[in-house]
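For reference, chains read A, B, C and D in written order, and residue numbers begin at 1 within each chain.
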Amino acid sequence: MHIRVGYELIYDLPQPTPMILTLNIHYSRASDLIRPDHLITQPSLPIASYRDGFGNWCTRLVAPQGSLRLTADAIVQDSGQPEVTPHAAWQHDVQSLPEETLVFLLGSRYCETDQLSEFAWSLFFGTPPGWARVQAICNFVHNHLTFGYEHASPSKTALQAFQSRNGVCRDYAHLAITLCRCMNIPARYCTGYLGDMGTPPPYATMDFAGWFEAYIGGQWYTFDARNNQPRIGRILIARGRDAADVAISTVFGPNTLSSFRVWTDEVT
Amino acid sequence: MHIRVGYELIYDLPQPTPMILTLNIHYSRASDLIRPDHLITQPSLPIASYRDGFGNWCTRLVAPQGSLRLTADAIVQDSGQPEVTPHAAWQHDVQSLPEETLVFLLGSRYCETDQLSEFAWSLFFGTPPGWARVQAICNFVHNHLTFGYEHASPSKTALQAFQSRNGVCRDYAHLAITLCRCMNIPARYCTGYLGDMGTPPPYATMDFAGWFEAYIGGQWYTFDARNNQPRIGRILIARGRDAADVAISTVFGPNTLSSFRVWTDEVT
Amino acid sequence: MHIRVGYELIYDLPQPTPMILTLNIHYSRASDLIRPDHLITQPSLPIASYRDGFGNWCTRLVAPQGSLRLTADAIVQDSGQPEVTPHAAWQHDVQSLPEETLVFLLGSRYCETDQLSEFAWSLFFGTPPGWARVQAICNFVHNHLTFGYEHASPSKTALQAFQSRNGVCRDYAHLAITLCRCMNIPARYCTGYLGDMGTPPPYATMDFAGWFEAYIGGQWYTFDARNNQPRIGRILIARGRDAADVAISTVFGPNTLSSFRVWTDEVT
Amino acid sequence: MHIRVGYELIYDLPQPTPMILTLNIHYSRASDLIRPDHLITQPSLPIASYRDGFGNWCTRLVAPQGSLRLTADAIVQDSGQPEVTPHAAWQHDVQSLPEETLVFLLGSRYCETDQLSEFAWSLFFGTPPGWARVQAICNFVHNHLTFGYEHASPSKTALQAFQSRNGVCRDYAHLAITLCRCMNIPARYCTGYLGDMGTPPPYATMDFAGWFEAYIGGQWYTFDARNNQPRIGRILIARGRDAADVAISTVFGPNTLSSFRVWTDEVT
């Protein structure tokens, strides 16, 4: 299966403005790029790349005063298969978790583990450890929250989503991540493209998607509390402790995002 | 100058419990250890160390059911000189910041940069960039907050401290860090020992101290919005994005901290 | 059980000489030190500590011209129990090994994995993976080598021991480590004290002992191809890729070791 | 100056095979990547990256049975200036070396410091310490060895190169590193791309290059005993104690490297 993915962001900037972008398709999918996702800037600007502490490739630039258009349009090869469901993946004791996973047990900007720990233990204590527990958490979050773009807020945390009982995909991910961490299961945030391949209409207004990965059975597995079923054609951009680490853009100055489009379509 | 530092923590644990400890004096001070700060556990337990993503040496162990005593008692050599005040340290443009400092511009568990950005710009926009701006932030935080152990809370964030106008040293640090980041100055949280050397009485009840470092003039400099003056004998334990990364202990299960003592004294 | 351990090293030095010592009992046993193993130097010298990349605490000093005596005499508490035999510890697939273990699959100064790989696969291919394979390697090494202090050489490698069919405890460890790594099992070198507790006479002339640890079943387990049976009272000093990383002393200049004693005795 | 660099490796694998690759351009050059060097695998495979203990970004994957093609093709910005010659860089006393440099004084897989120490002192004792001594070592190695690909061997050590008097660039580096360490100068191995920019023909058949860095005058400086003159356009991939730590690929199973190409060309 070939999937066309891309974005167009247009910023209006009253002054020259440094930016950090986390928009590149993840390096682990580089082999699948039939047409690369090269960033095009208008006006044309010098850009620099760097790898953040999570391994994501980020882009730095200084935008001039005025209008800045950022766009990319890639074609990605995909197996077309739905994600595996790791029914047999066991839960690690904390003491046997690899060192590199431990930071994903801690609290982070949008994941207040200290605030939700008691609730998490009361609800998930009795669930079978490992995959079944992560799935129970996804089921809970999926049912507890009502989806709606009107509930989106860049400062919304897992606790706030839990209390307001609504949110968008990133809130579903943050709440599920927080509950996993409370139960001593390392969990990390993912952002990327996710289209409608294989799902029935109506189709969502497109945005970047947020989901998460949990470390069970000796590896990281994909979970998605928003959709809560295996999907086709998920294309990773970046991973971090939560959405604060993988904002698509961090703009160091006043700005207006005057246009924002994301696309993910099967190419036939 | 020789400084004796140490701690005693006693936990009561209803079941075997994994723990991660960030209690070792920072590796950058290892050469100053006249008597090392080796962790003593009672009962004696197998322990393992590892270096987290910030370079801090952490300790992992599994405590048995019952009472666990953790203690260390070190002697550290120190210059006895107060910290330098880097009056001439300039502020980096975002685009000239080293890549490894960029993560310290982002929001984190206790530092809601997105929530305080507007306030920060309104108040500090007119201050001279660089050292003077960081110092203006420290002055503001120092005056805005009222110190009091009764205001301490493990889940308190910079925004909450800002609004409640009170806190303990870690809240002073979190608020100053958040405001620095809002002004595009990388800032990171520090924890360690800080005694009363050279200050007038009355002396504080001892606890671990929290302060921060800001990246200006091409390096990281120490700032302390709580005390807001150069001090003698600060001994670093660990650095991170905020206190969530350098909790002295992360206990993976129910527990009671039944005793907690920290000491920092000049040895004569 | 209480064990008294210690050493006395006397060097003759024709000129002032920097030294690095790896002689401290491992930090993981600090809780068991009834009497600490403080290094005494004669003449009295300033010393500095640091932690190497493996977490071992090392000591730096500059010895003056003349005679230098280094000694320590500690009492260590021990369970008195023989080491566990992890019959059920499985072998990790290479792809599921924690990142921090991977360096212990590579070749190192005394462990020429590239040279012994073919042999290792021919001999151990058919053994059950995991504990049984490591034990088969220990059995092979135990029988293949003849022990003798006359076969000791500071530059002897695993391949040379394999070919000469003799060596001392560190050669047994190096050969077993190399064969484990060839079979994709992470293995690291250990040095420390090992007495005769619970073994029949005749007793060995005392030296520091070398053994190894293999990563199976999600953790590091102790193995000793020289003795090839569980022992009592093993007291770790340091771990590394092989003996090059944990030499008891690295002397940066000409020197004569005029006296060398190590002791390890049960205290009653 | 823009330099195009890349590689193509084709392996034939009789069974599914885990691999570790050290092929990414070093993170310190990430900002210079006009076109990143993302790894393309054919067939497309899941890959994961991690940072080894030296800070190099490595890649893990499990190759399926059959043919595996690994390739990358990057464009790197470069100053186009030849490397500096640090004539004034002094030699540190061992006791004033930073702790993190000390491991680069020890022996390692291909650098038998214990075997070459006496020779090194006899030959380089009289040379001026610091840069002049490292350069004297480079001069010696450059003249002592005869270059030839027919002398290449993956198990060849510094001592073997010294005795056979021939080798390839990695042998030049290993011998020079060993001699530096014998003279108490920390030295570490480097691998990367090195083209013919600014040198007269005939041009070498392309391979990855090996060189080294020595710690003098408070920093690490590049040296190249093979070429023994400042070069243009050296692009670092990874650093380690010697070539064992930075093998471009570590393949955990039988394999045939059926094709191997490396390119480094100025783009005009």
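Details
In this text, a contact is a pair of C-beta atoms (placed from the backbone, for glycine too) under 8 Å apart; a residue touches a chain by one contact, two chains touch by 3 or more.
These numbers were taken from a predicted model, which means no experiment stands behind them.
More C-beta pairs touch across one of A-B and A-D than the other; that pair is A-B.
The mean-CA centres of chain B and chain D are about 39 angstrom from one another, to the nearest whole unit.
Taking each chain's centre as the average of its CA atoms, chain A and chain C sit 46 Å apart. For the pair chain A and chain B, the distance between mean C-alpha positions equals 30 Å. Chain centres here are Cα averages; for chain A and chain D they lie 37 Å apart. Shared interface positions of chain B, defined as residues touching 2 or more other chains, are 30-31, 50, 99. With chains as nodes and touching pairs as edges, the resulting graph is complete, every pair of chains being joined. On the chain D side of its complex with chain C, the touching residues are 18, 20, 50-53, 60-62, 93-95, 99-100, 102-103, 105-109, 111-112, 114-115, 154-155, 184, 244-245, 247, 250, 252. Residues of chain B touching chain C in their complex: 27, 30-33, 36, 38-42, 44-51, 57. Residue ranges on chain A touching chain C, taken from their complex, read 92, 96, 98-100, 218-219. Taken in their complex, chain B has these residues touching chain D: 30-31, 99. Note for the complex: chain A touches chain D at residues 27-28, 30-33, 48-51, 55, 57, 60, 77, 100.
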